[in-house]
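The two complexes that follow have chain A in common; it is paired with chain B in the first and with chain C in the second.
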Partner chain A sequence: MTVVVMRLYIANAAPNSVKAIANLEAICKQHLPGAFKLEIIDVLEFPKRALADGVLVTPHLSKLSPSPAAKIVGNLSDRSNVLHALGIKE
Partner chain B sequence: MPRGGGVLGERVVNGRSLRLVKSGPELRALEAGQVDAVLDPATGTAHLLPAAERALAAAGAPIVNSLLAALPREDYQSLLGELESVTLASGQVLHEPGERIRHVYFPNDAQVSLLIVMADRKVLEVGLVGREGMVGIALALRAEASAVRVLVQGSGSALRMNAASFREALGRSLPLQHELHRYAYAKLIQARQTAACNRFHQVAGRLASWLLLTRDRVRSDRFHLTHEFLAATLGIRRVGVTNAATALQRRKLISYQRGNIRILDRRGLTAASCGCYEIVRNLAT
Partner chain C sequence: MAHPLPKLPTGIGGFDDLSHGGLPRHRTTLLKGGPGSGKTVFALQCLVNAVRKRREPGIFVAFEESTPQIIANAGSFNWGLPALAKNKLFFLDAKLSPEVVRSGEFDLSGMLAILKAKKDEIGAQWIVFDGVDVLLTLLQNPIAEMREIYRIRDWLADNDVSAAIITAKIDGDGSAILNYGFMQFMVDCVIRFERRLEHGVALHRLEITKYRGSDFVAGEYPVSFGPSGMEVGAPEPAEIRHEASTERVSAGFERLDTMLGGGLFRGSSTLITGVPGTSKTTLAGKFAEAACRRGERTLFVSFDEGAEPIQRNLSSVGIHLKPHVKSGLLRMYSARTESIGAEDHLVKLKSLIREHRPRCMVIDPLSAIAKAGGMEAARAVANRLIYMVKDEKVTVVVTAINQGDDPQNEATELQISTIADTWLHLSYLIRSGERNRALTIIKSRGTWHSNQVRELVLGNTGPVLADVYTAGGEVLMGTLRWEKEGAERAKTLQRRAEFEHKRGELQTAEADTNARIKALQQDLARQRAELAAYSSENQARIVSSSDREAELRRIRSGDLARSSSSGNSGKRSRNGTRDAR
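Up next is the complex of A and B:
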């Protein structure tokens, strides 16, 4: 079973960050039950790390594996776009 | 409380945000309002956009408006980015009848009157909005324009949201829809009762009811209202207000001096009221 490894960069409990977390959780529950690993990083706490990872705005979702790596920015409300970026067929 | 009126500040910060974010998906997300913070490689720091900063600041503050307080936390937080804190001044007109509603308001301690203006310029108050409600309920019911004159009666603070953001928020929040529909029904009950009251009840009893409703709304036995305001509220001449108020004072139910009203005997005032106060209070809460 392929495990999708992701990192979501957010800004504390700011509105788009809250939406992004909720949207991503719904997607994982429906399309990747038990088959994902998600790390959430608050850029307000770790800005340098986020910059080192190539993050410019938040929310920012990085797919680390399986390859190819991918990224998507915004509040993740466009489900088709997110699924496409994660390489998941709808 | 969210910081208000930072239009110049927003332009400056957004100017910087746009300089940091030059192209591609990041720029598109920024322009779509889907970004909370921007990172600056030169300084190694993160900068919150103004809307996100306001939302975070407000998230810790107690929610005064009852409609907003009744929402699930998640739904309230999703509104915060679009809510702006404003101060409403007594005498300020927020909407005229027939005007498109550009903003909705959720009062904190401000008090707002809804008035019908007749062709012969007579004015009648047909509703009151305080922390228990919102101004602009028409938008929640898919109407576009105000049917009444909306006049600030007691200065204070409120949270304001523009019409487009409000429509969008309604679309995504079922709890918000439910709260506002419930509120709309309460206003309908109040309006019907007011119609019967205006037609049949005596001025002194109506004044007593109205003072009790105000007391509930402002949560204090003391408030300030001129005879003129009360005359417009009750749809009578000023001298009628003076007579009715004097009668209530003589019975030691209220004191009323230079516009300062103090309720001295709430039970007595309730007994002197026309009964509509209790009907509205029981049905609408």
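Up next is the complex of A and C:
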């Protein structure tokens, strides 16, 4: 099973960011058990990295591999959208 | 108000006058208006000026266009944007790519953290959020929109930027997007931009609709775009401060100068009106040529006619501009009036004046700018143009075409006649099957000027003003003038002949008299001689007769002569003495 590599950019404890982490964890638990790698980056702490990665609004989820790459903005409350973008079949 | 609100000049021509100093310091300004109304140019120009004039770096957050697009769009301005974008100006591409999937709500806290990092890194003092409406609509939630706007405001307050500019597409009165009402409330200064079409020409306008804590010039003002960016047609200061020179410069040729009491005043404005073909351009060209001959830098602006044909046409009447163009003394600029708005013509002329630094200038015909987007705009531009030229102490001659032969028509159209110092009117007088050009000085401020109508004759050595004859209260021109001149010549000849004749007669008479005087003098001399001769003879006779008496007495031994004269007196004397004793 291929491992999905993702990066989630958050703005510290901003409400949408907190929601995004919870939503993503729930999705991974259900659809990608043990087959994902997630890095969480606090933009407030590493703004230059976020800028280099082309991140503007938060929360921002980047799927790095497998291809195709995908970018999702928002608190990930729309689960079907997220699954579709990540290439996961429900 | 105890302290005037601190402001930051934008460096945008005219705007700092309207806003009494620029944008509010440490506050947020909203630029609203439809697409293509000039919001982005205004915002960008503020940043560019801050960097170039005060070395204050800035950040431009672009929600709508990408950085390369923005830099390319500003390529027509001489800002050197690509170089500035390398260090002093930071462009943040905040445009969400279409591939980005949306899932639930998001916010700007991450972006603001990034901006803070960048701001601290380059020491940015100006920040622009361009097209914030594009981002806000992605939120798809009015409450979220408001929340994010407040987030931006709080961020700006916390981060001590010198000035923040937010631009948003809010059309007209903003009624279309009600949600942005709070945005206008939140900011301290609101500037409305508008682009509209008038007679097929795009006209730009701006208006300050709100300025918290400061007064400003209310009303809508024209915006134009030149090589150095945007310029606002702020109203001229009410007080006119033009120096009045007493120096005279030639209006082109001597007789016209004589009619004007010695020429035009340096730095004055002259209006030449007339219907097509009355040689307005020729007079203006003569003025330009005279200026070049004096060695003065001159600018010749022609609308709707190229510089080459004008040079050719003028050279046919002995006005040669080409050598002066070659020497660089004369700059000729031709423009099509319909292609751009009147405001843009003004900006172009302004930059030409700055470049060429002319002392004399011709605009031929100024009335053509009326074609560039409406009468109202043209009128304002014509006025400002003349004031601007006078501010630069340039002696200017403008021409204006008027329909019909009534000069008053022109006056009602562009209304430049009221601000022009001198007004020459050219017209055709048609009589006896001829069209003749007539020149009248309608006004000339501060100087004596001829009140006579003159005939303007074009020869191959330039325009000439011919003497006019008034006959029966009418000015004679063309053939009638020629005939009159002929008659005058004949009369003069006749008078001269008569005079010669009379002089001859008088000379003869004088000679005659002289001769008679001589003869009489001779007579006199002879008579005197005769008289003298007669007198001496007579004397001789008297002497000889007395001698003879003496001889006779001697012969008669008598003392007759003595007894007859002194004998009586002796007797009386004796008697007298005897009486006294």
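Here, the second predicted complex is superposed on the first by the 90 of 90 C-alpha atoms of A that agree within 3 Å, B and C clash if a C-alpha of one lies under 4 Å from a C-alpha of the other, contacts with A are read in each partner's own complex, and residues count from 1 in each chain.
Keep in mind that, in the parts below, a residue touches a chain if its C-beta (ideal position, glycine included) is under 8 Å from a C-beta of that chain, and two chains touch if they have at least 3 such contacts.
Predicted model only: the values in this text are computed from it and were never measured.
Chemist: Where does A:P47 make contact in the superposed view: on chain B (first), on chain C (second), on both, or on neither?
Modeler: In the superposition, A:P47 touches chain B and chain C alike.
Chemist: Give the label of whichever partner, chain B or chain C, reaches more residues of chain A.
Modeler: Touching more of chain A: C.
Chemist: Let me test your reading of the model: by the given contact rule, A:T58 touches which partner, first (chain B), second (chain C), both or neither?
Modeler: Both partners, chain B and chain C.
Chemist: Between chain B and chain C, whom does A:T2 touch in the aligned arrangement: first, second, both, or neither?
Modeler: neither
Chemist: A:V82 in the overlay: touching chain B, chain C, both, or neither? Say first, second, both or neither.
Modeler: second
Chemist: Answer with first, second, both or neither: which of chain B and chain C does A:V73 touch in the superposed model?
Modeler: Both partners, chain B and chain C.
Chemist: Return first, second, both or neither, reflecting whether A:Q30 touches chain B, chain C, both chains, or no partner chain.
Modeler: Neither partner.
Chemist: For A:V18, decide between first (touching chain B), second (touching chain C), both and neither.
Modeler: first
Chemist: If I apply the document's touch criterion, which positions on chain A are contacted by chain B in one structure and by chain C in the other?
Modeler: Common interface on chain A, chain B vs chain C: 10-12, 14, 16-17, 19, 43-44, 47-48, 50-51, 55-59, 71-75, 77.
Chemist: Within their complex, state which residues of chain B touch chain A.
Modeler: Result: residues 20-21, 25-26, 29-30, 32-39, 41, 44-46, 48, 51-53, 55-56, 59, 74, 77-78, 80-81 of chain B touch chain A.
Chemist: Could you list, by residue number, the parts of chain C that touch chain A in their complex?
Modeler: Within the complex, chain C touches chain A at residues 92-94, 96-97, 99-111, 113-114, 116-118, 135.
Chemist: Which part of chain A faces chain B closely enough to touch in the complex?
Modeler: 10-19, 22, 43-44, 47-48, 50-51, 55-59, 71-75, 77
Chemist: Using the touch definition from the top, list the residues of chain A that touch chain C in their complex.
Modeler: 9-12, 14, 16-17, 19-20, 23, 43-44, 47-48, 50-51, 54-60, 70-79, 81-82, 84-85
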